[in-house]
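One chain, subunit A, links the two complexes that follow: it is found with subunit B in the first and with subunit C in the second.
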Partner chain A sequence: MRYRALVTLAVVLACVLALELACALGWVARTVIIPPSEMVGSLRDILWSGEFNRAIALTLTNVMISVVISIAAGFVLGVAIHASDFLRRAVEPYLASYYAVPTFIFYPVFIVLFGVNSAAIIAIAVLLSIVAMITATMNGLDRIPTVLLRTAKIMRLSPVKTALMIQLPAAAPYFFTGARLSVAYSFIGVIASEFILSGDGLGYAIAYAYNNFENRQMYGLMLLIVIAVTLVNMTLDRLDRRLQSRLRR
Partner chain B sequence: MTVLAMASRGAPKAAEPPAASLKGVTRHYRFPGGAKTLHALGPIDLDLRQGEFFSVVGPSGCGKSTLLDVLAGLNPPSEGTASFEGKPITGVPDGIGVVFQEDASFPWLTVEANVAFGLKRAGIDQAEIDRRVDYAVGFMGLRDFRQSYPAQLSGGMRQRVCIARTLVLQPRLILLDEPFGALDQQTRLIMGDELLRLWRETRATVLLITHSLDEAAMLADRVGVMSARPGLFIDVIETGWPSDRDSRIVADPRFGEMTGRIWEKLRTETMKHMQTQGAGPR
Partner chain C sequence: MSSKAMSSKTLPSKAMPSQTLPGEALRNIVPPIVLALVLILCWQGLHLATASGAISSPAATLARLVVLMGSGRFWLDVAETGTAFAWALALSIVLGIGLGVVLALLRPVGEVMEPILVTFYSLPKVTLYPLVLLIFGLGMPAKVAFGIMHGLVPITLLTRNAITQLKPVYLRTAKVMRLSAFEAVRSVVLPAIIPELVAGIRIGFSLSLLGVLIGEMFASKRGLGFTAVNAMGLGDLDTIMAIGLFLALFAVLANSGLLSLERAIRHRSAGR
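Our next item is the complex of A and B:
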């Protein structure tokens, strides 16, 4: 495990060094990409100046709201669909092919409904991330071993206690996987939406820097997002692995 | 008397009222979306004597697990009546414990929390829970693994967790559905010894469903031999073993005679089953 992590780190470092070298030797034009060392410098300036604090806070707030709505509503919908055979037969084909539809095509609809503001951005992010939670919830409930439900009957647990004490913890690893995907999709949904329909946030800041040929700032902001998303994902991944290893049967 | 034991009933006596009883029990299953039904079990008449160890053997698919489900109150009979301690079984009765073939340990709880689970639900006070869990964990040889999670244990140890979780509730009737099915032969013998020790200690009535003739012959006071589907008892054989028996009984010449006798009854039924499955001897 430790060896694998070291190899992963070595690959990333090798890529960064190769890019640094390519930029220094002039193999890559500065108008295309700046050296990683300058990206780090730009990131430091962005964080120390506080110039983008408002944009960072807005993006993170939108991501948080999208995550909370997607996980809560996705869980409730997943439980409801799982409970009804009729509903399940009706919606399962749509859920299976959901991610074949580019969600962003609906952004004009949300602008009409909510206006050009955070609500439209959050709506697109939720649209993108909620189905991951719905399918993970259904999958988790499907995979609860029958013997655990029979054990609950033998212990004469009520349906509510069975749901809370057996079904919920038994399906928890699947719920967590859904939550993890919802976080990733919320980041993608929010930042990509800010590119196209916002006047604020990190996505908009990158688009603004790009349109004004401010490469240094653009790459600094991109590095910020990559680091933030990687850290969040690594933390969730670690929790996920711990949960999976404990609950593996 | 230990914390796991119920009121002592002494040696099983045929004259006492039965612990559980099946009268003319049948079970039919309806195929989904059709009028056709499958006759899985019965009609069966069976009295389980107080404190006896009763094994059930039979060909695959003969309705052994259905029989257990009826006694556990998980599956109502289509016809006939099932009763426990003289009362008709409608739903899972109080005083019955079941150990399933599959691993039923709760993977999100430690060994200790698994064993205490049913006691907490029953509203028993913490001091009593601690006392019973402590004894059961020690009895099943899990003392060093109290804080371990099932994923950290072997299959045999997980099954012991399930047995411990059942026996701390002091069931008066313990139903075991091939509990050692997934274990190797040596571990099965050792687990069989532990089961006999548990049975002697609690004096509970035990019904064991098994595919293993050796296991059935070694453990039971009586062995019920079932026919191919629909499952009927074609014979009930008294083993006559002393109550302090253990796995060393397999070396006794009478043990071979006993398994031979059970196999003689079962062979014809197993061949019938294989022929209906298209795999009979040519």
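Our next item is the complex of A and C:
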């Protein structure tokens, strides 16, 4: 397992080296891609100078607000829909097609509702990530083994105790999968909204650098986002796998 | 023992739905319609609540959509977006299935590449759009490439997964029959994973559409995404909502169609 991860890392490093070589040999024009070593240099400058600290903080804050709202509201909605047969029948056909709708197209609507500020961006990110949490919550509640619920009945646990001591622990791994997806989708929603239509944050900084032919800065910022998001996703993914393997025991 | 008692108990109730089929169908159809009506009412409420009806009412949006659909300009946009989307989807499907098959059959390579693909899948790919623009320039190829960036990976991963979870007997049979690798893929592997292929295509469909639209929204002079962003600059919310409605209806209809196709295939192959 660990060996395989090392090979994967080696493949990534080999690709980076190949790109570095291609740039050094002039196979790739500097106006298209700058060598990875310069990207790292640019990233260091960005972090050292603190020029983008405000944008980084803003983007991270928006992502975090979106994550909290989607996980909390998604969980509550998931439990509510799971509890009501009518709601479930009403919502399920829409959930199956939800991610087919390009949500970003409705961004201007949120600008009208909330004004040109973070709220519109957070709304888009929540719209994108909440459904993953709703689906995961319903899925988790569905998969609680019936025998556990019968045990709760035999032990005459109150509904609250059943929920806290039986249902929550049994479905927790599924909830975590939902939370992990919510984080990934929140990043995508916030950064994409900033990139396309806003005037602030990391996504906007990249679009701005692109429009001004500031390639060095642009690639530094790209590298920052790619590394940060990859680290977050990988950490959550590893935790998720650990929880899932506990389920199979 | 107890499971036997259970099944004999549940049998009559299981037979019930086929007798009261109209009632069962009604129970499945009525709730979604009620929800749709509630949502439209909420939309109307939002329209009335916002100052001077800044959010277009459902009726106004529909009227605007009808006007748009009568104009030549709109269909030019649809053709532009549609062409980019068709290319992106077709290439995503062909390359995705091909790559998925290769990564599944060359197992070690697949295991090394999987984490990279999963990581790429959950990355905010807009960040990389400038790179695509610098390589392909403004225009159709950049949009297609960006659509493929969204659609390719899920199709690859689902194809690979489906093949690796295939019962070993399939591949062993192919071996016994001395099929070449190409023949084995064509006449054993691919037919065996058709339901998963349709599922992959369904997800690739939505994501490559999203990719093409995001591409148009950022740097383009044509297409539905561009027109929506342009309308936003003009404060023309009717047009944005109409385009959004059009795309949402298209996406949901296509998705439902592929979903029922997937179910039909699964049902058929399960019955065999």
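Of note:
Everything below uses one rule, namely that the second predicted complex is superposed on the first by the 248 of 249 C-alpha atoms of A that agree within 3 Å, B and C clash if a C-alpha of one lies under 4 Å from a C-alpha of the other, contacts with A are read in each partner's own complex, and residues count from 1 in each chain.
What we mean here is this: contacts are C-beta pairs under 8 Å (C-beta built on N, C-alpha and C of every residue); 3 or more make two chains touch, one makes a residue touch a chain.
Please read these numbers as outputs of a predicted model, since none were measured by experiment.
Of the two partner chains placed around the shared chain by superposition, subunit C is the only one that A:L113 touches, whereas subunit B remains out of contact. In the superposition on chain A, A:I154 makes contact with subunit B only, not with subunit C. Of the two partner chains placed by the overlay, neither subunit B nor subunit C lies in contact with A:R2. More residues of subunit A lie in touch with C than with the remaining chain of the pair subunit B and subunit C. Once the two complexes are overlaid on the shared chain, A:A184 sits against subunit C while remaining clear of subunit B. Contacts of A:S97 after superposition on the shared chain: subunit C is touched, whereas subunit B is not.
Comparing which residues of subunit A touch subunit B with which touch subunit C, the overlap is empty.
Interface residues of subunit A, counted against subunit C in their complex, comprise 4-5, 7-8, 11-12, 31-33, 86-87, 89-91, 93-94, 96-97, 99-102, 104-109, 111-113, 184, 187-188, 191-192, 195-197, 203, 206-207, 209-210, 215, 218, 221-222, 225-226, 229-230, 233-234, 237.
The touching residues of subunit A, when paired with subunit B in their complex, are 145, 147-148, 150-151, 153-157, 161, 165-166, 169-170, 172, 245-249. Looking at the complex, you find that subunit C touches subunit A at residues 27-28, 31-32, 34-35, 46, 50, 54-55, 111-113, 115-116, 118-119, 122-131, 133-135, 203, 205-206, 209-210, 213-214, 217-218, 225, 228-229, 231-232, 237, 240-241, 243-244, 247-248, 251-252, 254-256, 259.
Interface residues of subunit B, counted against subunit A in their complex, comprise 72, 74, 91-92, 94, 96-98, 100, 102-104, 106-108, 117-118, 121, 149-151.
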